[in-house]
Amino acid sequence: MKKNISILISILFFTTIGFAQTADEILDKVDKNMSAENRIIESSMIIHGKRNSRTMTSISYSVGDKQSFTEYLSPAREAGTKMLKLENQLWIYSPSTDRTIQISGHMLRQSVMGSDLSYEDMMDDRKLKDVYSSTVIGAEEIEGRKTHVLELTAKVENVSYHSRKLWVDADYFVPMKEELFAKSGQLLKQTTLSNIKKIEGRWFPTKMVYKDMLKQGDGTEFIINDIKFNQKIPEYIFTKAALKQ
Amino acid sequence: MIKFLFKGILRDRSRSLLPVIIVSIGVLLTVFLSGYFTGVFGDIIDINAKFTSGHVKIMTRVYAENKDQVPNDLALMEVGELKTKLNLEYSEMEWVSRTHFGGLIDVPDENGETRAQGPAAGRAVDLFSPESQEIERMNIGNSVVKGVIPTKSGEAIISDDFAERFSVNIGDEVTLFGSTMNGSMMFHNFIVSGTIRFGPAMLDRGAIIIDITDAQMILDMEDAASEVLGYFKDGLYDTEKAGLISASFNEKYSNVNDEFSPQMFKLEEDAGLDEYLMLADSMSGVMITFFIIAMSIVLWNTGLLGGLRRYSEYGIRLALGEEKKHIFKTIIYEAILIGLLGSVIGTILGISLSYYVQETGIDFSNIMENTTMMFPQVFRTLVKPAHFFIGFIPGLFAVVLGNALAGFAIYKRKTAQLFKELEV
Amino acid sequence: MLALKLAFKNLLGAGLRTWLNVSILSFAFVLIIFYNGLLDGWNRQGIKDTKEWEIGEGQFWHPEYDELDPFTIQDAHAPLSEKIQKLVNENKLTPILISEATAYPQGRMRSVVLKGIDPKQTISKIPSAGLETTEKGTFAIIGKRMAEATKLKEGDNMLVRWRDKNGTYDAREIQIAAIFKCNVPPVDNGQIYVSLDVLQEMTNMPNEATLLVTSKDFEGGELENWAFKDLDFLLKDFHALISAKKGGASIMQIVLLVLALLAIFDTQVLSIFRRQKEIGTYIAMGMTRFQVVGIFTVEGGAHSILAAIVGAAYGIPLFIYLDKVGITFGTPDMGITISETIYPYYSVQLIIMSLLLVVISATIVSYLPARKISKMKPTDALKGKLQ
Amino acid sequence: MAIIEINNLVKKFPVGKGFFTALNDVNLTFGEGEFTGLVGPSGSGKTTLLNIIGSLDTPSEGSAVVLEKSIAELTHKQSAKLRNQHIGFIFQTYNLLPVYTVYENVEFALLLQNMNGTERKKAVMQALEWVGLTDKIKSKPNMLSGGECQRVAIARSMVKKPQIVLADEPTANLDSKNSHHILQTMEKLNEELKTTFIFATHDEKVMKYMKRIISLKDGQVDNDVQINHSETSNLKL
């Protein structure tokens, strides 16, 4: 879950509302919409398996882009499971075993709970602007809405996806769709964002669908049930000790 | 007459005991070695069957296609009902469910935080049911290095290499982290009841074995399993029967258009061992044939010797007025008695020994250096119905033949000459 | 010498019975040598094939690399030093770069290992030359097993996704340039071979390798930052398999031997019974009982020498024949290195050991009944009275 | 000078729970060059006496001293040596080694003495000459007649030039012509080589050749007479 959130966050962070035509300006505007000093999100993740679909709900707290804490609320099996991300470290706590397990190394590349996201996807929280250089490559209409189409190309080395294509709503400055590409240009993943709502003065997509394009299946949905910005989040929540509480 | 001869055999130990012992030993060896060849040449098949492919194996069609991914979300459902049907319709086989799972084995420090961690290659088998033969079948008992096989829920046996590498001791708690059949996160603490080493590093790397009921619980696989394996109740793989059963099962229950419908595979289809199976069959056949011929020669020789040693007795009997033809007949009758007696004793002993070795195996691990291979470390025989009568070929026919040949010598000699030999 | 001479005279005098025993014993003898020869042949070929295809005269591994733990591959690579490059140019080493990947043959997903191999290398038998092409595209060669598992044919394309040095995803279509046949399963199963420079470019690891395979010309010695894995290490499982197979064979040998010895034992018992007068005569002529026991023991034991001669008479032509044509086992895919055709290998040591085994055991088994002689009363023996 | 001295010799065999006394207080002396027959009915102890003299058996009581060696005190090895070097045996059933040729059967006795090749060959040929079988040296026993077999047996016992030859019913399986032939051969050797011959026999033909006849009855010496019929025997030669 947490990784979903991270991805989401990373995307959100970098999309701000704006009217400028340069890519950077567009990204800045997107950022304004999507990122905040801190946030509390209650969300549902729907994973479409080959056989059935599953919904998990969670609440997650984050401060900046380095700290985040997620607690799963349902289903019963997952309830109470907590995930803590600090910088690039990730721990998961499970109440049934009273254990805190560090997820590291190769495990980070594994898919999270059969979703179309990997732990690493969840972990990567760098701002798009820091990682990619962007250019506007056109304008398209998606579901009746005008969008700016941005092409992002990695400017640093350690990225999972060499390039991305971002469709940003021309009015709300919220991304509507994103495609992630391999170095060769092969499409690997696709994200669609929808149900844009105005929350605390910003536009925010409340539904996202992630899809691994090389895998069969219907992708993973991420729905924000409630989101609050600029809340007071106690520091101790981002400690390993808090996992056990 | 037979009764009279029988008395003679029983009372005259020097004449009867040795031949019977030798025939028995010969028959025993024949029976045992036949079983042994079948076992040794079949070992790869057998190990594959026991460990991986069963004699037949049922998976969902889609699981089968992706089986190297261990895709438990594609596992068989309603396994209970399926097994009930199987037990009813294919009662010649024993049906067991097994589940494979992946994940991490996480070893905690004193604060319950990760101290060490490694990938898990898990197997869940029926360890707890008293009637389960899985422990035996997978040779788990003999592969235990330290500790014991789990006996209650929440216990697991893990790879000895893993335990060594991360200094996990018996009684320690490790956490298994993975995902359930539905893809939920799965955490479960297991007490390490023992460590295991099968041999091949590939099998041992990250191995963790738990009971199937634990797996159902923790993997959210109530009434589900990765695969249902069928084993012929006599323990012997019969490719034709397996073919018939799988054809009939697939006809009834498998649906090409339903990727979650079960599909049955026979051993060689699953393991890619078609050619080896044929080879093993013919190799063991050839070896057994050779051996029976050799044993027949030995026992024929025994019969011949048995007849020869009694020349002086024949002399006496001729002197008493017995006809040569009659003496010859009694020689044959006696040979039949001795051959039968020896064959029966030998077969009983041979089958018993074979069964014993089939069950326990002959463990070479102590005398072989460097043994890390799971399968050939312990050698097993395989008792087949043929072994119940195979010993009679050398035991009865060869002995009678030998005696008959010896008896012919009586005809060759003049009565007077035999008579003379009696005055020694 | 006297005893031996007497023994042969007696044995040959006994005619048919001797030849029966000898034929059984020779059969055991030939079979023991054959079976061990087969295993030795398998062993030698297996080692040869593994060396030729996979491990050369040993490998240098990147210290992080563990062939059994695919997770180590990610970090197990390093650039080739000048010294190594020089050795590569001298054909003493060939580098192999390994990368984990996911292949999507026919829409399915499968974990594979991408291996970069120098198309010009001659150290491994992997037909890497097939990767040398001027055509555009990425070409790979795979083994027969892999081809069957993925249902790929020559010329087919398959999407492969991997991550480069930095973890950046990359994916492209790879075309199967050739399919090779190889007896060494680890070289085949789940492996996709591409040209070394192509993989280096794909993974953004220029001039890097995961392991180095040595050739016969490599003089040995350490390479800084690389861990040498010798043949014993690399062949451990194979050695274990063979020694285990030998263990299995030993039961067969024991039973065969017991069978043959049973025949000798039986013959001994009878001949001692029937030849009491002869025994008495020997004693009357002034032989000690010990000498008589000796004669009978040597006589029984001499079966084994005759058996060796007889065995050699049909065994040697048979072995020579088998050595020419080999024994074909088909192409079982057992995950074990086994040639389609095994040429049995008969070492002098094997033959001498087998000979000793047969001779000594035959002698022991002949001695057991002969011991009875020392308890015989010569006067009774002369009368043939003993039962 | 006596080469065999038997004093108060008793030999008992266990029979069931008791004993059968085969020899009872036998006192006898044999000198060099004797040609003596032990006669008596079956079971009178002839063979037993021969066996004891030949060191194949041991006395139960009393002593038998052969060539100054007390039979009772010999080890297996010593008695084997005594037989090998000084005593020849001739049996009723010849007891030739069936798989060997005539020559080899005779040679066998010398092989045991480790005599060297040339000497051995000479001795074997000489022995076969004595018994008149030089033309059959390559025959095996089963190709010979009974008389010929017995002559091979004589050659075998004589080839090592023993001081004593013990013959147990040597003519029992032979017809009269062959019996005479055998006896004449032995008589001749007795005279030429001064070998002591002791026969166990109840064959009248044999007794005629004897120079001394000892009758045994129920294990005791019943009668011991010296006979002088040298004229007749000379005639027969």
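Which chain is which? They are A, B, C and D, in the order written, and residues in each are numbered from 1.
Going forward, contacts are C-beta pairs under 8 Å (C-beta built on N, C-alpha and C of every residue); 3 or more make two chains touch, one makes a residue touch a chain.
Given the structure is predicted, the values throughout are model-derived calculations rather than measurements.
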Fewest hops from subunit A to subunit D - one hop per pair of touching chains: 2
Most remote chain, CA-based centroid, reference being subunit B: D
Leader among chain pairs (count of C-beta contacts): B-C
Intercentroid distance (Cα basis), subunit C paired with subunit A, Å: 56
Mean-CA-position distance for subunit C and subunit B (Å): 25
For subunit B paired with subunit D, centre-to-centre distance based on mean C-alpha positions, whole Å: 67
Where subunit A touches two or more other chains at once, by residue number: 106
Shared interface positions of subunit B, touching two or more other chains: 119, 424
Residue numbers of subunit C (touch at least two other chains): 71, 109, 277
Complete list of chain pairs which touch one another: A-B, A-C, B-C, C-D
In the complex with subunit C, residue positions of subunit A that touch it: 105-106, 109, 120, 154, 157-162, 180, 182-184, 186, 188, 214-216
Residue numbers on subunit C that touch subunit A, as the complex places them: 71, 74, 102, 104, 107, 109, 159, 161, 163-172
Subunit A partner contacts - residues on subunit B that touch it in the complex: 62, 73-74, 104, 106, 108, 111-114, 117, 119, 175, 177, 179-180, 182-185, 187-189, 220, 260
Sites on subunit A touched by subunit B in the complex: 47, 49-52, 54, 56, 75, 77-78, 81, 91-92, 94, 96-102, 104, 106-107, 113-115, 240, 244
Touch list for subunit C against partner subunit B, complex: 17, 20-21, 23-24, 27-28, 31, 68-69, 71, 108-111, 236-237, 239-241, 243-248, 250-252, 255-256, 258-260, 262-263, 265-267, 269-270, 273-274, 277, 329-334, 336, 383-384, 387
